[in-house]
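Note that the chains are named A, B and C in the order they appear, and that numbering of residues resets to 1 at the start of each chain.
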Amino acid sequence: MKYAMVIDTLKCVGCSDCVVACQTENNVPIGYCRDWVTESVNGSYPHVELELKSERCNHCDNAPCVRCCPTGASHVAEGGIVLVTAGECIGCGACIESCPYDARFQHPDGYVDKCTFCAQRLKEGQLPACVSVCPTKCMYFGDLDDPTSKVSHLLQSRKHKVLAPEAGTKPNVYYLI
Amino acid sequence: AIPSDMNSNGAKDKKIGSILSRSATYCEVCFWKCAAWVYSDEKGNIQKIIGNENDPHCYGRLCPRGTGGVGMYTDEDRLKTPLIRTKIDGKDSFREASWEEALDLVAKNMEKIKTEYGPESMALIKHGSPGSHLEHLFKAYGSDTVAEPAYAQCRGPRETGFGLTFGSWVGSPEPTDIRDTKCLVLIGSHIGENMHNSQVQEMSDAIDNGANIITVDPRCSTAASKSQHWLAIKPATDIALLLSWMHVLIYEDIYNKEYVEKYGSGFEALKKHVKPFSPEWAYGITTVKPKEIRKTARIMAAAAPSTIVHPGRHVTWYGDDSQRARAIAILNGLLGSWGNRGGFYFKEKISVPKFPHPPYPHPKWGWKELVEKYPFAEMGSTMEVIKASIPGADQKYPIKGWFVAGTNLVASVPKRKVIEEAIQSLDFMVVMDTMPMEITGYADVILPECTYLERYDGIRSATNREPSIALRSPAVPPKYNSKPAWWMAKEIGNRLDLAEYFNYNDYEEVIDWQLKEMGSSLEEMKKIGVKNFKRKSGALYMQKGKTHEFATPSGKIEFYSEELASHGLDPIPVYTSHDSPKQGFYRLNYGRSPMHTFSRTINNPNLSDLTSENMLWVNPKVARIEGLKNNQEVWLQNQDGVNSSFPIKVRVTERIRWDSVYMYHGFGHSNKKLTRAHGKGASDTELISRIAIDPLMGGTGMRGNFVKILLDNPIKETIL
Amino acid sequence: MQEEIFISGRNIPKIDPYLEIWHFPISLYLFLGGMAAGIIFFASLFTVLRREKQVQTAIKPAMIIVLIALIIGLLALFYDLTHKLYVWRLYTTIRIESPMSWGAWVLLFITIGTFLWILSYFSELFPKWDLKFKWLKQIEQFLIKNRRNLALIMLPLSLILGIYTGILLSAFNARPLWNNAILGPLFLVSGLSTGAACIILFSKDHYERKLFSKIDLALIFIELALIVHMIMGMYAGSAVQLEALDILIGGEYTVMFFVFVIILGLIFPAILEGIELLGYKVPVAIPAILILIGGLIFRMVMIEAGQLTRYLY
């Protein structure tokens, strides 16, 4: 089992529903977020290219945040999901410093928080909150080990990229371009 | 400390369904009215709102505003108790009051206006769900002086334009068959920023299906960036483009001949009319290259009849908007998209039976008389209600009192000075709202309504592919001392001796009765939230071998409109030029923030967390000329010398033309009680002091305003 | 024009617009850890070489400074933790890949070792205090006998501690300013140099002071060479590293870095020490204090500037 998220930038409208949905699903306090949306504009009027992207923890195969964690609070769970066990986290911040995507933050309660791929929903057979709410249905979630899954299929058939591949983290959030 | 029930990452393990209880509602954050489930925990805290899978408005997915609707409930700045205007130290202020006192005062004033001037002089200006309860009260009371900003400041012109052409309103939700279209043409309509839910979803489906998208917008809208063809048109010149598209379709002989022959009326006149409007002619006006015009026209024709030239929604732009809407309608007629798969489907809805009540009295005048100078107005105009409230020689239908509910007039209707003058002249004004919005500051009495998450409202029944209804039931009891609109309407009714019109104790009874009449029940609807019905009016699209009768005078699609001609108006749309910005000024363009609805959500804790202020989009060329940097605060002054109350930060971007600036509508709140929204960004409405009235239906064209960018606060300067 | 913006969600305290997760306490912790490592290194080295006589300050009073520095350093680290109640979790696991983890363990052992070291010199350090209990005296006797063995253990531990203070940062691929192989040796050398400076500051023995002045001078030269090496390495690096370097070379932290770290913290004290070694009278406290302040500012600059640097994507 290897979970991955595939996001189609050709469909994302940057509405940030994924961000609010994550907040209400996962009790993310106001002022914090586990996912966020970026916009990049290239060219000059009227030859403008626009890319909108929903970003979050990439649940990296080669996760520096897990490696640098002194207590083992940051760990890799089933399916390659990178999680933090709040009761083991001392809040040293090393993992935050280690993430090239700035995907982690200190929860006001002290421990480090980040996207979990909605592990609690996966357990119940539901899709992550952000995926399930996205009005453009531009987010896909599934198992890359299963060659018949939608995510595998999309990565086989469409041009895609990951963020900051040069950081060597081997991300599992892919963007169709 | 970490609660024991926390799993990895400390997230409270919200078990879906099992622990959280759910109740049915439909969303009130905008007027798409998506049906949803509200999940709350044992303590009665609303945790989240999720779309109803069976709802054709949302297909189980709310938009960001609907998902963030939780914040409408939790906002601690909400109106908490009735307030009555009073003088404290000679200064106008508000004091808290009991419901008894506040409602007595409202009834007393309504009674007074009725006896002194007649009930017609009491106007209802409303928007959204509270409207229907109050409309019932007003009709019972004897007033039909009703208006809402969703007509003359929104979609009125397109209903007129399409009505004159196809004999049918577009209506809401639009019957655009986007998911099955092969070509979607957007004239300004910025779907994707305009988050009207199922449209956004279907546009995404259309992208998946490889549909061609053609966007006409002077700004690189999100939709434009998803389009194969973005025509970066010069603002205010759309009619020229539309005419030249007609020209290409007709003179290249690629229009839908069969359809036009069968259903068209006045085609020859149209053909003659558009003869001079070649792409070369349009190029000089629109700056869109002739090659592009021809190419896009051919794409539309190739996809026809599965082509949608979208009617748009907020279409009150330049005053000739009904004519532009007609041009769009005619184009759709030439393509044969009305009534065809991938074009416009035949919508259907189920009507909700009216709960029995005595007949309404007949008012002597009402909204119709107020718009009598506009031959094709089909709803009340807020602008005309406002004007009729100012005493003067031409005040034929005097308005003396306003009941404002669910509309923040000062943010949604331009010409602030005129509104303020009107309000000054009133004998009485009551505002029913959920938030201390600007409009409440002008009221004599403020009635706090509870949010949509805390109340029953009328059954939602809207047009769609298949008829459907949705229930709104309270997920939690009203917070603070707030009450639902139906209760206030009934209580005021009782005080006005209209109790017989409110023959129920709880609105629940009304809904249950109506649902039973429709073959369901409150009990069933609480479980399913949405009920879909089979169509009864016939097929979704035109059927081969059958003909279709249009509800126009000719029974056909009117390319040429005798009706318009008989009123001395252009029977076929013509292009007229509009003002361009003068040296040093930029056209004020505005639109939707995908995360907000007008002014109503700016203070919402969840949504303000996403976007807390609007920014002034300027082209890099303009930034260079004006010496602007990203995030720099500037002030704006319009052509009439009106200043923005608050500064707005600059966003230098290639997404906007050099002759315009752009901002999201709804920001720049001036009420200090809105702790998150106050002073955040600038208000577009405030800077709109010049309007162009649509001669057909009275629409308020708002896009002909120009602003100067000021580096210093102009108000401080004048003091010095 | 190219434009990159966040449209929502990124306004998180201490993360946006740039990281402010680690603050002064971490700089202080790294500085004190490095300095302690330096002193322990010299104390152990001379003990192992059986030349304790020549470095009386290093092996006795300086080791008390070490203990105080370690305790303050640990308190500073603890102060910066945001989930303090769970700090014991550090010692329920050893995670080889995490510098923070082995740093925690090394610090634990080194603190115990330093304590034992001081205990072994208890009677000499505090001649007026009498060890009340017999068993305490026995322990002292045992420790005195095993001083050299203790030094043999402390010597490698001090090197690990010294390198750790650099590796803690350089292991972070995500912060281009930190992410270079020189930072470990650089912080080690800087730690040794501050350690030497500290000994100079407290030593009253002319020979010892001169000895450490010489050592320090050599260390400063190595340190300068390593800094040049680091900068050259980053110049040859990727876009992110160039951007990071900009902060040190032509940005917010340039003055801090060149004036306080390089000139006042390294070159100037080196000149003063050189002059003194040539026989001129210079108050030794001046170069020593400059080196210590320079060492602290160096770590502050690296911590703060490093968090401004990020991956471009």
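We take it that contacts are C-beta pairs under 8 Å (C-beta built on N, C-alpha and C of every residue); 3 or more make two chains touch, one makes a residue touch a chain.
Owing to the predicted nature of the structure, the values given are computational and were not obtained by experimental measurement.
Nearest to the common centre of all protein CA atoms is the CA centroid of chain A.
Pairs B-C and A-C differ in how many C-beta pairs touch across them, and the larger number is found at A-C. For the pair chain A and chain C, the distance between C-alpha centroids works out to 37 Å. Averaging C-alpha coordinates per chain places the centre of chain B 64 Å away from that of chain C.
Along chain A, residues 14, 16, 19, 31, 33, 41, 44, 52, 86-87, 109, 111 each make contact with two or more other chains.
Residues of chain C found to touch two or more other chains are 1, 3, 5, 7-9, 11. Among the residues of chain B, those touching two or more other chains are numbered 595, 609-611, 620, 653-654.
Listed in rising order, the residues of chain B touching chain A in the complex are 1-2, 6-16, 47-51, 60-64, 67-68, 70, 192-193, 195, 197, 200-201, 203-205, 207-208, 220, 222, 225-226, 230, 232, 594-595, 605-607, 609-611, 619-620, 653-658.
Within the complex formed with chain B, the residues of chain A that make contact are 10-11, 13-17, 19-21, 23-28, 30-31, 33, 41, 43-46, 48-50, 52, 77, 83-87, 107, 109, 111, 113-114, 116, 119-121, 124, 126, 132-138. For chain C in complex with chain B, the residues that touch the partner chain are 1, 3, 5, 7-9, 11. In the complex of the two chains, the chain B residues touching chain C come out as 595, 609-611, 620, 651-654.
Every residue of chain A that touches chain C in the complex is listed here, in rising order: 14, 16, 19, 31-33, 35-42, 44, 52, 64, 67-73, 86-94, 96-102, 105-106, 109-111, 163-164, 166-169.
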